[in-house]
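In this document, chain identifiers A, B and C correspond to the written order of the chains, with residue numbering beginning at 1 in each.
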Amino acid sequence: MTDAPLMTPGSADPASSPVTPHGVPHRGGPMNPSAERIRARFPAAFVRAEVVWGETTVFVRPDAVQDIVRYLHDDDSERYDYLSDVTAVEYRDLELPLQVVWHLRSLPYRRFLRLKAEIAKSAPLRVPSVFPIYQGADWLERECFDMFGIVFDGHPDLRRILMWEQYQEGYPLRKDFPLRGRFSRSEQLRQALAAEPESRYSMTELTIADAFEDLPLEMRRRLAGGEKTGE
Amino acid sequence: MAEKRTVEVSLSTSGLDAAGRPQRTPLVVDEGGRISTLEAPPSLEPELIGEHMLINIGPQHPATHGVLRLVLELDGETVVRCIPHVGYLHCGFEKIGEYRQYNQIIPWTDREDYLNSPGNNVAFALGAERLFGVEITPRCTVLRVIAMELSRIMSHLVWLGTTCIDIGAFTPFLWSFQERERIYTLLEQWIGARLTTTLTRVGGMGADIPDGWMDGLRDFIRTLPKTIAEVDRMVTRNGIWVGRTIGIGAMSAADALNAGLSGPLLRASGVAYDVRKDFPYLDYETYDFEVPVGTDGDVYDRFLVRMEELRQSVRILEQAAARLPDGPVNVDDPRLILPPKSKAMSEMESMIHHFKQVMEGPRPPIGETYVAVESPKGEKGYYFVSDGTPKPVRWRIRPPSYVNLSAIPQMVEGHLLSDVIAINASIDIVMGEIDR
Amino acid sequence: MEEGGAPVGLTPRPDRQVVTVAPASQEGWVATRLDFLVNWGRANSLWPMPFGTACCAIEFMATAASKYDLARFGMERMSFSPRQADVLICAGRVPFKLAPVIRRIWQQMLQPKWCISMGACASSGGMFDNYAVVQGIDTIIPVDVYVPGCPPRPEGLIYGIMMLQEKVKRERMSDERLRDEMEPDPTSKLYIPPSVIDELSEPFGNSVHQTRSGL
């Protein structure tokens, strides 16, 4: 272990000494300066910004998310180098649009920013992927797709991750999905036993695809029959 | 009696080459019994042209720490590609959270990262209290610090034991479980459960510590460093251990940050990001402790970082034990905290509060919050969205080991099959948290 | 007639659970029921196959570690290969995605085999009454002993193991049904009729009332 760590959080703002927040107001309070800069730089994409419980939320138009996140990541006065989370929120009021949420952290400035994009349910649920900027978005976006059915454009490998790929019932975290699933328990069990995800490999994801001709006949038949991936 | 002699064993893995792959040189024994390394002549490596093999580790495999499935494509014994498959333990935590009141969700947080239950309880309560706009009492703050650090020690001890088993040492497992049994005893005296504690409530704790509990804690603090030192003596300079961990699964600082790693993995890579220091909670900024940071980001550095964190947790526990103030544990807020049973049965107002809380549950104002804590695995966040009803619209868990695990292909590719086990162990995965 | 002796003309009835040795003959032979001998051997050297998925697996590890010491029951030899295991200990919750895995592990185990369902989730789905979790592994594989608890304490698991030992000791080799491999229905792959599964998976207890999101 060395004395000087390679990267020290707070390095861009050495005077700051973070303390535990106390007495955080419900609404209002100091806003993250990045919000104002996003508004100045992306006037067309900026919708609104608010501070709730001391955390700044910036609402932006979905199609501009990638540009904004790239600016936040690359610009020297922002340096949001850490992606905490990508998730989505659906409200109980089914008329309200679906929200996709990005939680970003700027370690050099010790800042936290929540970015939100609202997508109306009447339109196809698509937002740009931030995977080209943060590699850590890979599984987070896949999970969001799995649970909400939101398609992240530009994600290289958007497959279901927690449920198996042949899962029939839909997207579990959507509000119209019942707690115990759409089908009866016996039907769910029958489908799960039939899926056998652990006995399958994927052709598209493996370089072994080059050796398709050498595979056993039975495996070739299964793979040719549209059996894509296990999950 | 034969004289004791020290054998200098040169490591079989000397480091990384320019491409980031491990350089490997075989061990050679000469006539005198000395062991040394020699550059292998290139002709010794059999040429396997295009003969890739596919193997499937898991979902039921002792070294996958649960039900992880790894599909590995091997060239000889070298991993060419690694495709992790998760979700075998997906239990729908987040969905069920939308159907429960805030206090009712706390038992689920026990079972999500089950090595770290008290820590999860505290994290959840912190998030819910932010959402309700409640300030906890000073005594509760210190008790929660004690709970968090105890659970960090618990989690690291399991990690230590199972990793040692994976790499071939059984004894540290028994030692670390002995220490865990002592923490179990402490928790059992405190709240009545060993593993799934449900320690906190929104606005306080499930129970105050019983009389004499701090003596037990001080006793534990005194003896735990001895066990850590024993493991340290046995493992840290052990030739087998060092040979199997140095230079394995290395991640550079920039890569680790970009991949969203957190916790000991990120710190082993050289980024000193610790939520306790950078985005503090529970007054962690008033405690005196160090954040250990590695340089190489390999399995060995992760091991060193976690060992040091164990010692630092003991330091925090000492300070917390010294400053524990008297006073109430729960906030004085009848909206959130159940009245004592005697009052609920005798006073009309208390009875109404009791009824309202049990039947309807407390209602937070409309809003949302993301509260992150430093769990033993990394940045653990709880994101709540409330629409004013007693049940959250969305309860999101930001799982640190899920994001950490997603970088496993980057770590294992180019290494040997046996190193996959060491790397996987060094990530410290908990499938309950990954799949939720 | 002596007090407490056998009635005249009858040999005393043997105690079924006692190995009879005839030391007088000095030939070193033992007479017992073959059932008893085999079961005695089986019950005291059960090799567990720990199918640990969640929290219960940690308590299982605690049971195997030094304080509780599973070796006292001849069980310290963990068999992570199902083909060399006698008893499947399913420790933890089993989601639907894992159902085919546990089914396959059970089918790979050789007879005689037993199954302990450790913890509330494995036994009944426990607190996870939702779209993802199998409501009790007895809808997938046959179970011999259910250990309640969330998770069970090591003492609880040890009590379950001792119950299983009792069960093993009472088995009769002549009972042909005992070692029958249950064949699942070829189309649905279910052992038991769908209606029974639905009945077993009905919500019970507190979770009946907690199916409303929001208010």
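Annotations for the structure displayed:
The definition used in the following text is that contacts are C-beta pairs under 8 Å (C-beta built on N, C-alpha and C of every residue); 3 or more make two chains touch, one makes a residue touch a chain.
This is a predicted model, so every value here is computed, not measured.
The pair of chains sharing the greatest count of C-beta contacts is A-B.
Chain centres here are C-alpha means, and the one lying farthest from subunit C is A.
For the pair subunit B and subunit C, the distance between mean C-alpha positions equals 32 Å. Our note on geometry: subunit A versus subunit C, Cα centroid distance of 43 Å, whole angstroms. Once the centre of each chain is set as its mean CA position, subunit A and subunit B turn out to be 23 Å apart. For subunit B, residues touching at least two other chains, in rising order: 59, 87-88, 90, 92, 95-96, 99, 387, 389, 435.
Residue positions 97, 101, 129-132, 211, 213-214 of subunit C are each in touch with at least two other chains.
Shown for subunit A are the residues that touch two or more other chains, namely 92, 163-164, 172, 177, 179, 197-198. Across the interface of their complex, subunit B is touched by residues 51-55, 57-59, 61-62, 65-67, 78, 80, 82, 92-93, 95, 97-98, 101, 105, 127-133, 150-151, 153, 210-215 of subunit C. Against subunit A, in their complex, subunit C makes its touches with residues 96-97, 99-101, 103-104, 129-132, 134-135, 139-140, 188-190, 194-195, 197-198, 201, 203, 211, 213-214.
Against subunit C, the residues of subunit B that register as touching in their complex are 59-62, 66-67, 87-92, 95-96, 98-100, 104, 107-108, 110-111, 114-115, 158, 161, 173-174, 177-178, 180-181, 184, 194-196, 360, 387, 389-391, 431-432, 435. Listed in rising order, the residues of subunit A touching subunit B in the complex are 1-2, 5-10, 17-20, 22-24, 26-27, 52-53, 55, 57, 81-85, 87, 89-93, 101, 103, 105, 107, 110, 112, 114, 134-140, 143, 147, 160-164, 172-173, 177, 179, 197-198, 201-202, 205-208, 210-211, 230-231. Those residues of subunit B lying in contact with subunit A across their complex are 50, 52, 54, 56, 58-59, 69, 71, 73, 80-81, 83, 85-88, 90, 92, 94-96, 99, 130-131, 133, 135, 253, 255, 257-261, 269-273, 277-285, 292-295, 301, 304, 308, 365, 367-370, 372, 379, 381, 383, 385, 387, 389, 393-394, 396, 398, 402-403, 405-407, 435-436.
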